[in-house]
Amino acid sequence: MSEPLHLPADPGQYGYTFGGREAVASVKPGDTVTLRTLDCFGGKVRSVDDLPSQVCEFPYLNPVTGPLYVEGAQPGDTLAVHVVSLTPASPVGISSTFPHFGALTSTGYTRTLQAPLEERVWLYDIDLAAGTVRYQARRSDFTVDLPLAPMLGTVGVAPAANEVRQTIVPDVHGGNLDTPLLGPGATLYLGVNVPGALLALGDGHARQGDGEVCGVAVEVAMDVTIRVDVISGVPTGTPRLETDSELVSLGAARPLEDAFRISQDDLVRHVAELTGLDLLDAYQLVSQTTSARAGNVVDPQYVMSAGIDKRYLPGVTAYRGIHERLRNG
Amino acid sequence: MSEPLHLPADPGQYGYTFGGREAVASVKPGDTVTLRTLDCFGGKVRSVDDLPSQVCEFPYLNPVTGPLYVEGAQPGDTLAVHVVSLTPASPVGISSTFPHFGALTSTGYTRTLQAPLEERVWLYDIDLAAGTVRYQARRSDFTVDLPLAPMLGTVGVAPAANEVRQTIVPDVHGGNLDTPLLGPGATLYLGVNVPGALLALGDGHARQGDGEVCGVAVEVAMDVTIRVDVISGVPTGTPRLETDSELVSLGAARPLEDAFRISQDDLVRHVAELTGLDLLDAYQLVSQTTSARAGNVVDPQYVMSAGIDKRYLPGVTAYRGIHERLRNG
Amino acid sequence: MSEPLHLPADPGQYGYTFGGREAVASVKPGDTVTLRTLDCFGGKVRSVDDLPSQVCEFPYLNPVTGPLYVEGAQPGDTLAVHVVSLTPASPVGISSTFPHFGALTSTGYTRTLQAPLEERVWLYDIDLAAGTVRYQARRSDFTVDLPLAPMLGTVGVAPAANEVRQTIVPDVHGGNLDTPLLGPGATLYLGVNVPGALLALGDGHARQGDGEVCGVAVEVAMDVTIRVDVISGVPTGTPRLETDSELVSLGAARPLEDAFRISQDDLVRHVAELTGLDLLDAYQLVSQTTSARAGNVVDPQYVMSAGIDKRYLPGVTAYRGIHERLRNG
Amino acid sequence: MSEPLHLPADPGQYGYTFGGREAVASVKPGDTVTLRTLDCFGGKVRSVDDLPSQVCEFPYLNPVTGPLYVEGAQPGDTLAVHVVSLTPASPVGISSTFPHFGALTSTGYTRTLQAPLEERVWLYDIDLAAGTVRYQARRSDFTVDLPLAPMLGTVGVAPAANEVRQTIVPDVHGGNLDTPLLGPGATLYLGVNVPGALLALGDGHARQGDGEVCGVAVEVAMDVTIRVDVISGVPTGTPRLETDSELVSLGAARPLEDAFRISQDDLVRHVAELTGLDLLDAYQLVSQTTSARAGNVVDPQYVMSAGIDKRYLPGVTAYRGIHERLRNG
C-alpha cells in the first residue's frame, strides 16, 4: 500500500456534475485516499437565518470532490469504493426545508398550486466524543440527542454515452444515492463507463432517516478516508453495496415502485449468480429474506435498497472477496 | 381478565371480506382471544404439485377468522389489537409464485403482453424448537435455515361508509398489511368505523421479507393469541402499530410514493401531537430518525411503514399507554 | 320495444355505493329507461356561498340512481348501456374546488404538510337553446361561453366477490369513470358480476375537461334516457365504450401508468380478437393509431381511455353489432 | 427573410446528445432552415430482418441534426421553432418492438423476471400523393391504410447547468417529446439555457398514436423545414407548443401523474398570465376545457400534453404573437 493521497480542500477540487469535468488527481487500485468534502450547501448556510434559497445559487448544490482518475479502470470493469472512516469536519450539522423540495411537499415534479412550506433551518451540535448529534426544535424547547451515524450521500462516476448529470441525481452511475447504508465499513460497487472511472464524492451526512423525508439530512463537511479498487472484467449495472453482514442492491428511478423493482430484480439476479440457484428459486429466497428500505424519496430520482443477510448465502463470495480485502486494508 | 375466548376452526368462522359479514363471536375490551387462522390458500395447497391457480378458487383467497364484535367499540374510537403469541399450526409452510401476481412480474394492474412467470410451489419445514424455517430450492440442492419470525399478514375491521372490501386489499381499515412488524409483542391500532369494530384476522406468515416480493410469504395456519382493547373517543386514521421500541405508521395506497407519503405524514403528525412540536419541527425530527420499509409491494394497494425509535421521544406515551398494559396482560 | 320506464326522482332511488343495495326497479333487455340523476353534491350546493365541505356530508357524495335489475343478465355476460340523451335538469351547473381533492393539490393519498387550496364555488349558466355553459370568473369580470357537452360521470354495476364500493371509485365494475366520451350516442360495456347486473348511474356533467383536473366538472342534475341490453355469454373485463366512430377501452387504476397500461392492453387484445391479428401485430396497429386521453386524475383510482378509429378496423363488428342496434332504437 | 439555410445530410451534422456538442451551423432569428433528419435507427433498419438490437449500437439511437447556434438567443429567452413542413425522405417507414422497451412490456426501469416480447419489424409503404402509410401485419394478410400525419419526435436545446442528456430523454430542454401535436403548423417554445440555444432535431415519424405504445412510431428520415425565432427576455419553463387552434403545455417526467401535473399546472399558470385570471379561476377554466393526451409513455421520462382551445381565451395573444408571424412566413 502506498501512502494515502491527501486531497486539499481547494475550490478546484469541487464540482456540480458527474461527467464533463477533468480529473483532479490520479489514484491506483488499492490506494487509500483522504479528502475533505463540503456540505451540500457548499458551506454557505451558517446560521438559522441563512435560508438556502437566499444564500445558495440554484442549482449549484451538492458539490462533489473529485473526480479521481483510477488507474487501470476501464469500461466494463467495476469500481469498488470502501469507506474506511467518516469524521464530521465541523461541530455543527445543518438541516433545512426548501421551498418545493422534500417528500411531504409538492415539488417541481409533483406540482400543485399550493403555497410552499416555510423554509426553516435547524442546527445540530455534533459531539464526536459522545457520538451524538443534538436535535433542537425551532419553535419549542424540545431537544434530544440522536446517535451520530455518518454516511456519504453522493458517490458516483462519469455516466455512459457522454452524458453529464447534476450531482443531485442518482442513477446507474451512482450519484445522490442517499442511503444510510453507505457509512464506514461499507463497500460501494459502481460500473465503470469511461477510462479511469472518474470517481467523485460528497454530501456527507452526520445522520439521516430513511427517505431523507424533508429533503435534507444533517449535512456537514466531512473528513473522508476511502480505499478504492478495480474488479477487472466484471461489469456492474445498478449500484451495489456490501457490508460485513449484508449484500445490497440499489435501485434509482421514479416512480418509487421502479426503484424498488430495480433493487429487488438486481438482488435476485445477483443471488442467482452467486449461488447457482435458478431465477425463480432465487426470487423465492430473496422474497423471504430481503430488507427493503427507502434511500431518498426526494431527489429527481428516488432510491430503494434491497439487502440480504450474508448468513443466508453460506459459502458465497461476491466480487472476488474484495470487500473483505479492502476492509482489512 | 376473563377466560380467553377460544374460537374453533369451524368453516363458519372464516370469510373473504372486511365488512358485509355478521360477527361470529363477541369479546370484551381487555379480553384475551385464542383462535386458529387458515393459511392464505385456505389449506388447499399441500404439495409442490398443488398449483394455487388450479386448486384454489379465485378470488377467494386469504380467509380471515372472524369478525369479532368488540363490546363498546364505537365509530370514532380506536381498536387496539395486541399480538400475544403466534405459533404455526402446521409443520410445513408454503410459498409460491402465481401467474401475474408479485412485484417482479407484470400483473392485472401493471399489464404487459408478456407470458407469465412459471407457477411454482415451495415447501418450508418449520422447526419450532430450533426456531427455523428451511428454504429448499426446487431446481437444485441448495437449502438454508432461516429464522422463524411469525407475523399476521391480514388484520382489519369493517370499513366505513358501508364499503365491503376483499381481504386481499389493505387500506385505512387495515386488511392485508403484510408488514413483518406485526408479530408477537406488537400492538396494532385501527380506527373503528361501525359499532363493535368487527375485527377479523388471518394470513399468518412463518416469515416474510420486506415487500413480500414474489407475492407470497411462508404461509401457514397459525394458532393466534391476541388481546383487544378500545381507546374511547380517540380516532385513528391510517393504521398504526407500536412495539416496545418503536412507534409506527402504516400507509396503504398506490403508487408506492403515496403509501410512503401517508406513512411519513401520519408519523409526523403523530409525533407533533405527542411532543407538542410544531409540524415543521416534527417533520425535521422524523426526517432524521425514521425507518421506512416496504410492507407489501404486490397487493391491490401497497404498504409502507414509517417507524421512529421511542427513545427519541422521551417521556411520551401513545394511546394512553395501552401498549404497555396489553403486553403486561 | 316496450314503453320507456320512467324512474321518479324519489330519495329511495339514490345511493352511495355499487353493490350492497336492493334493486329499485327491473328492466328488460332492449328497454328504454328515462330517469333523473342528482348532481354530485346531491343538490346541496346552490350558491357560491355553499361550500361543499360545509353543506355536504362526507363521504356521501356522488349519489347514483338505481340500481336497476336487468332481467336475464348473468355473471359472465356483458351489459350494454346506450346513452340516448342527456338534458341538464337545472339551468345552472356547479363546480368547485375541495380541500385536498383534485389533480393540482395534495390529497388524502398524495399527502403533504401544505395548507389546502381555497375552497371556491363557480356557477355556470346553461343555455340549452344555444348549447352553451357560461364560465364566469370569481375574482374578475372574465366570462366565456363553452360548448354544452353533457356526459355521465358515474355508471356502474355491482362488483364481484361481494364487494361494495363507494360511488366515487372507478374500477372494473365501472363507477366514477369520468370520461368525456360517455355522452349521448355512446354505448358503455360492463361485465356482469351478479344476477341482474344492478346498474346504477349519476354524476351528470354539463361538460368536463380531460382529467377533471380540479376534481369537479360542471355538475348538474340530469334527465337521462338510456337503452340497456345484455350480450349473453360474452364477458367483459375492464369497461369498454363504443361510439359511431371509435372503439374505446377504459383503464381504472393507480398510478396513471397502470390506468394507461390497462386501457392499451385491453384495446390491443380487443383488436386482436376482432381482426384475427396476432398479439404483436395488434400491438403495432394500436401503437400507431390509439388516442390516449385522461378520464379523471383525481379519484381514488384514475381513468385513461384508449380509443381506435373504427375506420382502421374495416369489416369489424364488436359485441355482435349491439351498438348499431341500440343507437337505432 | 434571408435565403433558407440548407443543412446537408452529412455525418458531422448528427449526434446523440443535447448539450456537449459544438454548433454545426449558425442561423438568425426569423431564418427558415431546411434540413434532413435521419430516422431513429440511423438508417440501419432496412428490412424486416434487420432487428434493431442487432444492427444498431445501443444506446446510440435517435440521432438529432444540429445543433444550430441561433444568433442572439440568451439564457432567459425563449426559442420559437415553427414547423413549416415535414416530408418523408423515404418511401418506407419502419416500426418495431424492442426487447424490454415500450409501454406494454417490462423495461429496464419497470423490471420483471419475465422473458422479453419478440422483437419484430414492420415496414409501412408511404404514399405521399395519397397521404397514407400502409400497415401490413406480419403474421396475417391484414392491411389497412392510415393517414400520413408527419411529426418530429425529438426537438431540443442544450440543457442548463452544463448537463448533457441523451436524445432519448425528454425534459425541460425538450428532447424526445414524442407528441403527435408537433407537426406542420405547430410552433414549439423552449427555454434557452446557453448562448445560441443550440437547437437540434430529429426522430421524424410518418405517424404515431398517443403514447407511442410499442415504443416505436412509423419512423422515417424526414425533409424538414422550420423557421426559428427568439423571444427576448421571456423565459419558458416546461416546453410549450402553439397551433392555430390550441395553446399546449408539455410535461416530461416520471411517473405519468407528474408529467400530467406539470403540463396542467403550466397551462393553468400560462392561462392566468395571459388572461389576468387569478390562479384558482384559471384552474377552474382549464379544468373544464383541457385536452390531456399521452405523448410518450415509453421513454426514460414520459410526456403528457395539456391543451386549451384558443377560442376559450378571446383576445389573448401568447408570446407576443410570434406563432402568427412565423406561420405567415
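Letters A, B, C and D mark the chains in the order given here, with residues in each chain numbered from 1 onward.
The rule is simple: a residue touches a chain if its C-beta (ideal position, glycine included) is under 8 Å from a C-beta of that chain, and two chains touch if they have at least 3 such contacts.
Quick caveat, the model's predicted, so the values are computed rather than measured.
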_Between chain A and chain D, the fewest steps along chains that touch one another_ = 1
_If each step moves to a chain the current one touches, what is the fewest number of steps from chain A to chain C?_
1
_Remotest chain, chain A as reference, centres from CA atoms_ = C
*Quick one: report the Å distance separating chain C from chain D, using the average Cα coordinate of each chain.*
32
*Starting from the mean Cα coordinates of chain B and chain C, work out the distance between those two points in Å.*
35
_Whole-Å separation of chain centres (CA-atom averages), chain B against chain D_ = 47
*Shared interface positions of chain A, touching two or more other chains*: 104, 110-113, 117, 255, 257, 261, 265, 268, 280, 283
_Contacting residues of chain A [partner chain C, same complex]_ = 104-106, 110-117, 255, 257
*Touching residues (chain side chain C, partner chain D) in the complex*: 95, 97, 103-104, 117-118, 120, 122, 133, 135, 137-140, 142, 144, 146, 207-218, 255-257, 260-261, 264-265, 268, 275-278, 280-281, 283-294, 297, 302, 304, 312-314
*Over in the complex, which chain B residues touch chain C? Could you list them?*
16-17, 19-20, 59-60, 109-113, 160-166, 253-255, 257-258, 261-262, 265, 268, 279-280, 283
